[in-house]
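Two complexes follow with subunit A in common, the first pairing it with subunit B and the second with subunit C.
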Partner chain A sequence: MKMFEIQPGEYARVRSLEAEGNIRRRLLDLGLVPGTLVQNIRRSPLGDPTLYAIRGAMIALRKEEAGLVNVDKEER
Partner chain B sequence: MGLTNQSSGINVLRERFNVKSNLEQPVIALAGNPNTGKSTVFNALTGLNQHTGNWPGKTVLQAQGTFSYKGVEYRLVDLPGTYSLLANSAEEEVARDFIYFGNPDVTVVVGDATCLERNLNLVYQIMEITPKWIFCLNLMDEAKRKKVYINIEKLSEKLGIPVIPTVARKEEGLTDLKEAIAGMVRGELTTRPRLVRYDREIEEALDYLVPRLSSVIGERYNLRWLALKLLDGDQQIINHLQAQFSN
Partner chain C sequence: MAMNIKDIYKGLDIPADIFRDKVVKSIYAHAEETAKDVIIRENKRVDWDKKLDDFLTSPLTGFPVMLLLLGIIFWLTIAGANVPSGILSDLFFGIEDKLSALVLNAGLPAWFHGLFIQGAYRTLAWVVSVMLPPMAIFFPLFTLLEDLGYLPRVAFNLDRVFKACGTHGKQVLTMCMGFGCNAAGVISCRIIDSPREKLIAVLTNNFVPCNGRFPTLIAIAMIFMGGALVLEKSTMLATIAVIGMILIGITATLLVSLFLSKTLLRGIPSTFTLEIPPFRKPQVGKVIVRSIFDRTIFVLFRAMTVAAPAGIIIWLAANVYVGNTSILAAAAAFLDPFARAIGLDGFILMAFILGLPANEIVLPILIMAYLSTGAMVELDSIEEMGNLFLNHGWTWLTALCTMLFSLLHYPCGTTLLTIAKETKSIKWTLTAFLLPTTVAVLVCFCVAQTVRILGLV
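The block that comes next holds the complex of A and B.
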């Protein structure tokens, strides 16, 4: 599944990135490397962007970027 | 700190970055992730009141100030907070260019002790650019409140870099930080950075490039990093080199 499909409160683990070039680099810099645990904290009122907890920081990502991250849902 | 002919060439670069330093003042750069209290450290050291606040891009234009410690006046440059130095944005480019081309005497990386892990990306990137840096681990009080305990000695040993724990808001640890800065400027405090080693192909390409860069540019800059950027096809760096070494 894609990262934007994680529902509020749910967790998932990063499997791979589909992004290339600068966006890929940016996502990696934010800590989205394979194996990273992410949690959907909440969606903004209009549904986009979404706030995620990534490696100890809260980071808002648009669906556009979160759609480039393949994740596996993780029960916690 | 021994300002030689070599570093007066660097002074030209500093002028380009608008660092108002006279030759006597060692230049100290402050870098770090956003929201680690970098500007609080800046204010605590300089006694200035650069605005601190919690929003991105607050320090796009670098703030500068001075502080004195044991009779030496240091110039402190507050760089924009970034997660990376790969120059994805204007802020990252400013921070990176200053640390690399501006060649500060010491770079202090301010990290957030409450989420150490996410600061390490920047830490390893800085490590590739310069060996002259200190890791200031700030927000130690908040980390304690979150029951995060950090083995400072072990971290320092693993990184090969001095690590100074601080609570800048309460001015805790600042004397240690100043002492470390002074020691590094005088050349008494040295580092053994643990550089990232890449795959064989990349290391071989570096072995090929570095001596060739050396014959054109000399040893003034860290050529391993430069070669990595060239392999990366970093257009900004290529432009910089063309502007500086076109003759």
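The block that comes next holds the complex of A and C.
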């Protein structure tokens, strides 16, 4: 599934990135490397962007960017 | 180290992007190991950050809280600035009387008195007494919110709206900075990476009223919307009027951004990543230093350096006669027909034109221009300012159009210079001048004509 599909409160682990070039580098810089645990913290009042907990930081990503990250849902 | 990595890469014979992925992954794995060894996490305490965020960014309370905070800041600014403004102007005009007596007794010529006391000193006194108190309240309050970490949450709340206009959520942060000073707001647009979205943010920053325009908006709102002539409930109504202006400014920002991203600056929204920092306990000392010294004094000083020479020029224009009329009155008469069509009068429009160096001096110029044509009165209170305007034929429509024009017109000289430096393009600097001016003229024209046709005034 895509990263934006995880619901608020749910966890997932990064499998791969579909991005190229600059966007890929930006996502990698945020720590979204395969194997990273991410959590959907909340969605913006208007539904997008979504706030994710990534390696101890809180990062807001739009649907477009979070759609480039393939993840596996993880129950915790 | 760089050499080594290059050597390793040459020896591996794999594509560059895969190699980069591996490098980043191993860096993060290493950092994770290190962090595990040295960081102890406290898990038991109540998560206040989350509770606060639940409140500040929830669908139910996020937007009301945002408006409420904005309202509280402006209410405190307007209500709190009133008394010190009065004290300061009493003080400065008391000094003016003494200075006048001193200069005239010393046998200096009348033009010297006019040029330096009635021109430079009086304009300076106006700028300081009108601007300093609201700034000294507004900037610390705003810096407090900034220090707390609230501003990125606003960007988070509003990003979708900006995305719909083809721009970046971080534009909200540049707009927030614009409340302080549009030149600072334009510089802060550097935080937006994409050139297209950055340019849109630069060109529209001016629709957020800066601190140089707040005193104008507040003073006019107090007189006509709040009815300082009536005095009761005036701060509350003035606050509502000023917030209304801000909302109109934000609407203009969004509409013009949308227009730009559909026409001159077409393109798709670029990537959006925004880090939301944890809340921090504001450091009061830091807040005061940053808001008073870096912002208040800085902006005030800039205004003063412009106000003094402007005061001299305006005094000259009002007192040099060609035939029967002063240069000022002649220019105002020339501008009058056009100005009337957009709900202003010739003097108001001229005050805006002469106020190009700094928006702070628009109101002082206007007052001086009015005074030089009528009876000389001591202007030491907002009621007298109201009476002066009423005597020159102001209605609530004049007030509304003046506020709208102030909100939407071209940016000040400093901001234009900053835009020229940031964009390195005459074309975009010119656009930054013409675009808002066109919007201001159109809006004021439509409002004025509609109100007149409907016979509301």
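Things to note:
Keep in mind that, in the parts below, the second predicted complex is superposed on the first by the 76 of 76 C-alpha atoms of A that agree within 3 Å, B and C clash if a C-alpha of one lies under 4 Å from a C-alpha of the other, contacts with A are read in each partner's own complex, and residues count from 1 in each chain.
Definition applied: a residue touches a chain if its C-beta (ideal position, glycine included) is under 8 Å from a C-beta of that chain, and two chains touch if they have at least 3 such contacts.
Fair warning: this is a prediction, and the values are worked out from it, not measured in the lab.
When both complexes are overlaid on chain A, the residue A:L61 reaches subunit C alone and has no touch with subunit B. When the two structures are aligned on the shared chain, A:P34 is found in touch with subunit C, with no touch to subunit B. When the two complexes are overlaid on their common chain A, residue A:R26 makes contact with subunit B and with subunit C alike.
In the superposed pair of complexes, A:A53 makes contact with neither subunit B nor subunit C. For subunit A, the partner touching the most residues, choosing from subunit B and subunit C, is C. Residue contacts after overlaying the shared chain place A:S44 against subunit C, while subunit B stays out of touching range.
Common to the subunit B-facing and subunit C-facing surfaces of subunit A are residues 22, 25-26, 29-31, 55, 57.
Against subunit A, the residues of subunit B that register as touching in their complex are 83-84, 86, 88, 114-115, 117-118, 121.
On the subunit C side of its complex with subunit A, the touching residues are 17, 20-21, 24-25, 28, 32, 53-54, 57-59, 62-63, 155-161, 163, 169, 269, 271-278. The touching residues of subunit A, counted against subunit B in their complex, run 22, 25-26, 29-31, 54-57.
Residues 20, 22-31, 33-36, 41-42, 44-49, 51, 55, 57-62, 64-65 of subunit A are the ones that touch subunit C when the two sit in their complex.
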